[in-house]
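Common to both upcoming complexes is chain A, partnered first by chain B, then by chain C.
Moving on, here comes the complex of A and B:
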């Protein structure tokens, strides 16, 4: 990397901090008492977090978000990898059509399935359950497409050698393709997790029971129960907001490069 | 025999999930859009195109279409223009450039609800960051989210703030694919910076621009979370975007028929937009890069 002109460096950092200032300030605000915040004084308290976690159930919402996003990620990546392997390695009747249909889901606006999916899950009695939150999110056309492109880049000779030794397709997938696709699988798992973590409209319609709220629903409700301008308990709301963004934020700092690579590779294809 | 079945077994889980939760719902929506139903009645009588007629006759539908179009037309060029300019600057491989890219990208993976809540505070009249800043500068004290002329602009700003990092990252990838020789040649010819940008950079990132244009317009027509959390479509319908109207009709009024008709209209609109764009812009895309 080239050295940077110090003036440009400092200016750039200021720009970056200014850009993120609303979020940074909201985190700072979450450690203020409401009285101090409205009076413009500076304090330090964990009271907002205690109230958010205890009185306002955010521990439960955090657990729900972890369960739902975790399961969607594990199931989603499994389903996508299985399909990607077949699309990359087998020629079969209807294969191109099915792959086309998978890629086309990227262009299909998700709102069209909102009411039908609600009715489907109501019919089988899965509204207000974890399964109802998870099932519609499992198929991920982008992950399947991305992994298929990646697997095509792995030399086919490796598979063929294994087949000669009598390996089954599942063994080839598990012993050869998956280990060699680890970076791509990790990127996609991350992408699925973050997308599901931040999902709002589906949990909003699929869940009415408070003990099944995800963080997103819990936060939106907490903000909205404050009756109007001026009466909002901003420090409490910001503590809840910080709990909502923190897991992704912390993860982001470790894996930013993976994530960016995943996204840009997908766009280039 | 088993050998022939193998690929089908591998794709089956994905295909089943896509069929049940993506493709069949399109047909279900079409079917529901010509029926009258509110969850409660045991049957759903066929009513022909009445739901569509009601929508086309209602002021709120045309308002939503207008508001959404304005949102898309204002926010997409703003996002892409700013993103390209910033990407053109941040494409340099320096530590500062890396850090700044990270900072700009952060909002695009952050919870939209959190962002909506945080910006509700930023733009709140009495204790918000924006009005504190304006007060410090000795300017007025607008009621950002309560003023029909300002609320949509606030949503555009928030959406741009959230999405621009993604656009920048994609543009940087596109810019990095441009061969250095082209810039060298332009430099030898004595091309000035702006000239080089217009004659070399802009045409060669056209495929990237096209990709971003498609997804950001689709995204703009589906904005929901920030509307639901920040304004609920108000004040006076000024931010009542199409998916918000769909949510209100379907899940607040429980008018499944009319909600489905709106979903179908929006679906057709987005597909038509995608086709139209590939017709118009497809020809101008330079793939040589």
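Moving on, here comes the complex of A and C:
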């Protein structure tokens, strides 16, 4: 996409930089030593990254976050797609009621389910486990709703043609619906991933063992590391933050291709 | 090849009115059946019931001699061509054609060979690797046919397969479909709202209206001896003329009947001819190529006659219209059913002239 108007191009650049500036500033800060930063001098050091990874175990937190968010995304998108297909294509007893309930979950603030979820997981002994971090997040009412709407836009005659060709419902889902819903599925996967990546409250409540901390928990802990009286070690925090946002950026770049390409793919009669 | 029998089929969509009322028909193996009727009369629903995409509320569907009501679509040995083709937009022409073969476990090399064979029959070879989005309407239509043909099923269902094509292509494809039927020898059930397609393609035509089967017979019978006024009016171009029978000279005593006069049984004269004739005023003459359509007002109402253009180079404003009494049709005004007036009654009437 080439903007024809140079004014538009310059404006876009300015707005883009405006949005980027806090990120760029924090990345710049992560390369300063704490002393230099508070003294107002400019330096360059990788020391903060070394400390975040070596001393404060951020490699482990990164791994935990990748495991948890990755599995939540894969399982969550699977559940949402299956539910969306059922809601979009089949009439079954209680179907409308179930769909209504799914939509209703969108109106419930997540904090309300915090304590019931905690008690449930405590009862089945899943606190302080990966499963405890992952399971409550894999049902996503919004993703199911969004995908259902999208699938309803795919002509039902395509399903029927596939059934005539000998397909089972799961084959129709896998070979027809999923390929044609790629842009929507990619968007929802990204949405689930980012939501889970940034999830703070639930990991805080569900996990006490340090080796199960996710990045968000680890990051919050870093604020307590003081270089001096009442000071936060901002360069260290910013190095850890940079480690935290990079996978999300990478994930977005990976998925973006599908988002854009998908929009131009019509069902064509 | 397999026959299909429908017995007392009734169907209503959930919460809607009844779409099919007690429809019974039997199709013989290898027959070309056309189901014709105005939009919304239940043609597609009937086809979808045969395909197994809908379930009948009552009645029985029999395929190849066994009850098929509860058979899934994939177990019926039936292929279907959808009105909007329903090609898989994310698959190439080759994949579209061979998808059904793949699902039935045919090895890849064999599938490819079959897809190429089908593509050759339909002149689709140059497009095998293209997606449907990059094809013209006529090419998509042929891919839809190819997808149906690939599996060698005994029965093909076609739901208005030509309705999205322009006229020239439609006429060409009509011939091709007829030819294909001869080659494949399969049973074809073909749905259309186009009476020309019905008469030209079918071995037998089923005429439907509002979910009721009106008549099911050979095209000649449907045209020459329509069961009722609706069938007579629906088939035939230009459409049949309906006039009150008692307004026709020689039929003044015939109360309660409507006469159906197809344009081709009317003759137009400049002078009063011998025998019964109506005086008429020419309202509009339409050129259709070799013929002229003459729309006239008469004492019996508006009549459309057809005459060869050579014989009628410059029709006068005042005309006489006579008619071939043996080929006139009569319908009961109350029931709409055709009344078979005995020939001798007719001859008595004409003798009285």
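Criterion: the second predicted complex is superposed on the first by the 219 of 269 C-alpha atoms of A that agree within 3 Å, B and C clash if a C-alpha of one lies under 4 Å from a C-alpha of the other, contacts with A are read in each partner's own complex, and residues count from 1 in each chain.
Basically, a residue touches a chain if its C-beta (ideal position, glycine included) is under 8 Å from a C-beta of that chain, and two chains touch if they have at least 3 such contacts.
These figures come from a predicted structure and were not determined experimentally.
With both complexes placed on chain A, chain A has more residues touched by B than by the other of chain B and chain C. In the superposition on chain A, contact of A:109 is made with chain B only, not with chain C. In the superposition on chain A, A:85 contacts chain B only, with no contact to chain C. When both complexes are overlaid on chain A, the residue A:100 reaches neither chain B nor chain C. When the shared chain is aligned, chain C comes close enough to touch A:171, but chain B does not.
Contact with chain B, but none with chain C, is seen for A:19 once the two complexes are overlaid on the shared chain. With the contact threshold set out at the top, residues 267-268 of chain A are in contact with chain B in one structure and with chain C in the other.
Only residues 91, 155, 157-158, 160-167, 171, 175-176, 179-180, 265-269 of chain A touch chain C when the two sit together in their complex. Only residues 14, 51, 53, 72-74, 78-80, 82-90, 99-100, 103-104, 131-133, 140, 147, 151, 164 of chain C touch chain A when the two sit together in their complex. Chain B meets chain A in the complex at residues 4, 6-8, 10-11, 13-15, 17-18, 20-26, 28-29, 32, 92-107, 109-122, 124-127, 129, 146, 161, 166, 169-170, 172-174, 177, 208, 211, 218, 221-222, 224-225, 228-229, 243, 246-247, 250-251, 256, 259-260, 263-264, 266-267, 270-271, 274. Interface of chain A with chain B (complex): residues 1-4, 8-9, 12-13, 15-17, 19-23, 25-26, 29, 37-38, 78-80, 82-83, 85-87, 90, 92, 95, 98, 101-102, 105, 107-120, 135-136, 138-139, 141, 144, 169, 173, 194, 197-198, 200-201, 204-205, 215-216, 219-220, 223-224, 229-230, 232, 234, 237-238, 241, 244-245, 248-249, 252, 256, 259-260, 263-264, 267-268.
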